[in-house]
């Protein structure tokens, strides 16, 4: 049988062309020689309309995120690592073990194939680290000027262990609020590369899969109430959402929030607050106060939880309000970030 | 970080709070207007008010450059971007400030206008160099702190012959605003003392404030921007008031001198000249309160380069920004606060910048609002906004 | 808007009137066109990408000293 | 507790702003007042990072598609109906019953909220028709000029009934090739609205969910070998893919392929072939020849299969080659569409 | 559809095939060159060759406007879009045609050039009207069929004073090409008869082909584009050959007359004039074989409006397009066919348009290629392409 | 490129020299600038948005007739 693609893709010098999106042979070749090559697994290689997977009965967690980060490559990662971890983590925040990912690519005409190849390699590495397989996907091409290089939407499926039930509804007054590590690294790494802001610093994105850490946490605290990864909008957004959704108040201690010196300095430079800056490898946990110390101790044994700390607690009354005792000794509301200051960090 | 962390010490704050509580005369109250939005921001961000005795209160002044820009000027900025299709560059906070007809630069951008945020006017020059075929306009706003960088940019543009670059100048002067607040004929002023601008003063020096202390018999303390600076400056003001003094004192000596940055002043003088009068949001027309480009820089003046339509846009009815900017009302006195006016949908300019009193209140203190906040089942339609 | 931060000058380019300043490990290029003179090691106040002024170490120390002294009065009170 | 969003979104006149994507309150409001309102279901309303769902053990089908169609609104549907049906159908092609969808939105700054609302309403209607729930999602905003209005990526999960096993690998020589109805309606409806082509015609997209029809088919032909929906690239692409993946040849009869008169005429006008034009509510089925008539008869009882027809059969040898006996009596190869002629139809 | 379906009748095709089989002399062979790509397309699309007896074969001629455009002209088109930043508009097939250094308009577009496909030159005028600040260039290619629409567009542009519009003219003439194929000094031609152009003839009439029939003693049958037209025209040619005649016969009388469309001819004559010589891919420089804009339309001539760099780009070594376009080789004679040269990665122009012989072979007949097709395990690197 | 299709003229706008033509239910606006005269009901040959020529119904019928006659010879053969 004749080979379908006699001439290999010129990945080193080629660019995405409209032809790659027209439903013809060129698109099939792009998918095979870049995505199948990197993601390679039996299910994907079937090149079917869908993946067909065997699953045990029970509860599953399903999540999706579209990734539009700019720039595409940043210190500590790229849109590929982000696309995998961003969804792996949302699945893990249900206490689930993520198993499978899907990936939808929207490519802008003219995008260098070498960059796409590099991004696919990052996705493959991130998937391997998280222990998930990219089992099906889709690729579209839009005219130049109708996208921004590449957008990647991933969806993830994970299995929730028997007995685990996490969610805002379980948060209650008295719960300890725990973060797994320093706040703001991802967002600041992105900002340091933004054209109109750029500064030099050693700050790198914390982009990483959290399912391993969650496994460790569930082992010592199966009665965990809720998990959430403080991504877009940072810690402040997550606390506000959960305070609202759980009908509780929250009080956190600025002093207790881990923030690296560099992120702190960059925040001073830009007039930003670390609680508003995105993370991609951190989580916030809510658990009964009595279990907090044991949980933090366990988290600190895992590389992704080394700087875990209790940062506050859930209060009765003042439902939906998040307050902070400032490092200076005063008190203030912690609000969502207002306005559009930090677009396209994920 | 040096010169930052040591001015945020919690221990020292606690001690200073105790000193203030001891020295503040329980038989009177102390209304201290922090002129600058930077101070407003620090007070809220760090919860400084919490550390003050009940009879010492901060009154938020007009020193937020975003807050004081009147609607017609903003309308013109939008016009430059929309009608004249220029690339309009501005500092971030301006994007959401309400203009006429519920417009804003952000909405103009969403509608297709080329409006971009810059961190520095130096970046505006870069954009102009990179887009020689486009008109590139820097929407200059701010007090004496942002004015010298604009002056540098204009001198650079002149030297380089950067023909597609121009400045829409809205630089304003702090002393004139202070004058306006103090000089209300027939009214007594409810402000006992001022915290003077820190960074503005680092440019113009402390001398320009001496006449206010003298003429209106109000203590002025040039105060640094860190929370301890604010607390200690408040203490200095309380002491002046307790002692019946009314002087310009300088708490921020690590940066501010009596004469200021003479080189910066010279560059400003080379590029700009006084306008006869300028409209301020809240304060109305204030004589000699703003700058425009000198004749020599006419080619770089967006006001002459583009035919701009005089706008008659006015503030939304019910918005108390004017009174708030004069220190006569507090954000919670505004019926729109937190109901139709929030940082996501600001009605007035004070709800935009984190240096604006309403935005600061919303972000950091709104739990004190109590019954002012709308209940879950109240309906707030857009009709509430004129 | 009125944000200004103290940063240390770590290198100078007098030709272009720019300096690289550091806040801890964060480095940023700024303009020094508004300063009469500046040397590496100086701390400057950075505002919208321009150094507005130098920071006097002596005055900073003196202010901290004054505040500490004022605080002492309160500390006694609190004690 | 204070309402989070005191002033309602101005859907009639508002536009998407960068603020809606920054991770702040504005974005939460957009999601709540447009997406939750239309898609409303208990799981989505939790506004969690993920949906948590109960599933019986067995085999599931998982699929994803990014939708970038231009124009967004076209005769017979819009990007919303397409985004739902495009993924529902890929899940159904495994013989699975689709249960849940996820939706990732990438919005271009300036996009009218009224259009977004209309698209969300279409999605809700399409989901209801297909019997699926949109259980989780994500929304991003990019600067004007970095996207094209809205892109929607959907992922779907369905349960494969016991004993059903469909796939290219099961296709074998002698199989009948069946299509469920007329070819080319969707692609031609899109083309009729393209700026540089525009013509008037009554042709409407066939965009529709196929899971109902698949259910009917499995009931009479549980031994079905394979299903595929001939979307991008049309019938020709699907047959070429499957011939390649199954190592068989295929021979189809031009005369037997249902094509509406209008699509036929439009193809003449544009110099296109109906076998290259996309469909969004049609399927191609492979089954043992002996079962073909019974299957077609059953299909014709379902509204989505009224024009079902056997169009050819699978041949031994000439693996990967698809041939057609032309209406004229000659024979030719049926190839993928070459080049980029029909971009952004889905 | 009227005038379509009835010319595609399978029954009639079978009958005509039998007639041809009966009339074709088994003692000889009939090599019939279909001059036009449109005929080539119909022959492949409908499988007409399958219906012919073994001794009647179609030879594919140079009548594909996409195929004959030489690389240097294409390089110039790319230059107009890339270096001169014009909006370049063209008919779809041109997008993938290989230029120098493996470039194409499609790749130029992917690299940021503003290249757009149009269905009609009328759309090009619309683009020009909608973008007055941009240079809008129509990349005109084609034979006498596409030339009259270009003439109409230029007359319209002149009338409207559409100053930003211009045409990069590459219109060529079929009779000159036919002349070039027949007039190979010292070589005998392996073509027995011609199917003459159908749509070209509808414009220029059948008269221009009379001299070929006469001078070279080759039958010419002006043939319609539907498959029955092609079959019946082949029969007509076979009959002429059997009878020793060499005339121009017109099978396509429903559209073609001896004199053609006089109004269209007049408009073409008003706008264009003959070039002394023009380079054809495959045929080399052919005297008097192409048109250029007359002096009066100089303002709309892209060749004078833009400074274009003479290109020395040549065909890729190994590509047999030139011989194929002359009817001397078949696609399967090319070593690159189906290996490095496919419609996705065309090496030569004949692999692009569905009217190109190689693309038609690839799309419709490649199963006949047998051992010419690469095996699954053979490696084909880009190094195979010069 | 050389694609041309026969279509029926369903309306005319002599002012703009355009016509709407129909192929079955598909309608498209084209230019008739290249034709001397055209009336509604005429069939024209449409190429890149222009009517190149009118189609003669009589000649079309004659051609079909000729082809049918030629085919008869073959049919006999085949029979």
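We just call them A, B, C, D, E and F in the order they show up, numbering each chain from 1.
By our rule, a contact is a pair of C-beta atoms (placed from the backbone, for glycine too) under 8 Å apart; a residue touches a chain by one contact, two chains touch by 3 or more.
Quick caveat: nothing in here was measured; it's all calculated off a predicted structure.
*Asks:* Using the contact definition stated above, find the chains touching both chain A and chain C.
*Replies:* B
*Asks:* Starting at chain C, how many touch steps does it take at minimum to reach chain F?
*Replies:* The fewest steps needed to get from chain C to chain F is 3.
*Asks:* State the chain with the largest centre-to-centre distance from chain F, centres being mean CA positions.
*Replies:* Of all the other chains, the one whose centre lies farthest from chain F is C.
*Asks:* Just list the two chains that share the greatest number of C-beta contact pairs.
*Replies:* Of all chain pairs, the one joined by the most C-beta contacts is A-D.
*Asks:* Rounded to the nearest whole Å, what is the centre-to-centre distance of chain B and chain C, using the mean of the C-alpha atoms as each centre?
*Replies:* Those two chain centres are 22 Å apart.
*Asks:* On a C-alpha centroid basis, what's the spacing between chain D and chain F, in Å?
*Replies:* About 37 Å, centre to centre.
*Asks:* Just how far, in Å, is the C-alpha centre of chain D from the one of chain C?
*Replies:* 61
*Asks:* Mark out which residues of chain A touch at least two other chains, giving numbers and ranges.
*Replies:* In chain A, 1-2, 17-19, 24-25, 264-265, 268, 271, 338-341 touch at least two other chains.
*Asks:* Residues of chain F that touch two or more other chains: which are they?
*Replies:* 3, 5, 23-24
*Asks:* Residues of chain B touching 2+ other chains?
*Replies:* If we look for residues of chain B contacting two or more partner chains, we find 1, 4, 14, 17, 96, 106, 119, 123, 343-344.
*Asks:* Following the definition at the start, I'd like every touching pair of chains, please.
*Replies:* Inter-chain contacts occur between A-B, A-C, A-D, A-E, B-C, B-D, D-E, D-F, E-F.
*Asks:* Can you tell me which positions in chain F touch chain D when the two form their complex?
*Replies:* Residue positions touching the partner: 3, 5, 7, 23-28, 46.
*Asks:* Considering only the defined contacts, which chain B positions touch chain D in the complex?
*Replies:* So the residues of chain B touching chain D come out as 96, 106-107, 109-112, 338-340, 342-345, 373-376, 378, 380-382.
*Asks:* Using the touch definition from the top, list the residues of chain E that touch chain F in their complex.
*Replies:* Its residues touching chain F are 1-4, 6-7, 12, 14-23, 36-38, 63-66, 91, 93, 119-123, 141-143, 145-146, 148-149, 152, 199, 202-203, 224-225, 228-229, 232, 235, 251-256, 261-264, 267, 353, 355.
*Asks:* Tell me, which parts of chain A touch chain B in their complex?
*Replies:* Checking each residue of chain A against chain B gives 196-197, 264-265, 268, 271, 273, 318, 321, 323, 326-333, 335, 338-341.
*Asks:* Flag every residue of chain A that touches chain C in the complex, lowest number first.
*Replies:* By the definition above, chain A touches chain C via 199-203, 261-262, 264-266, 268-269, 271.
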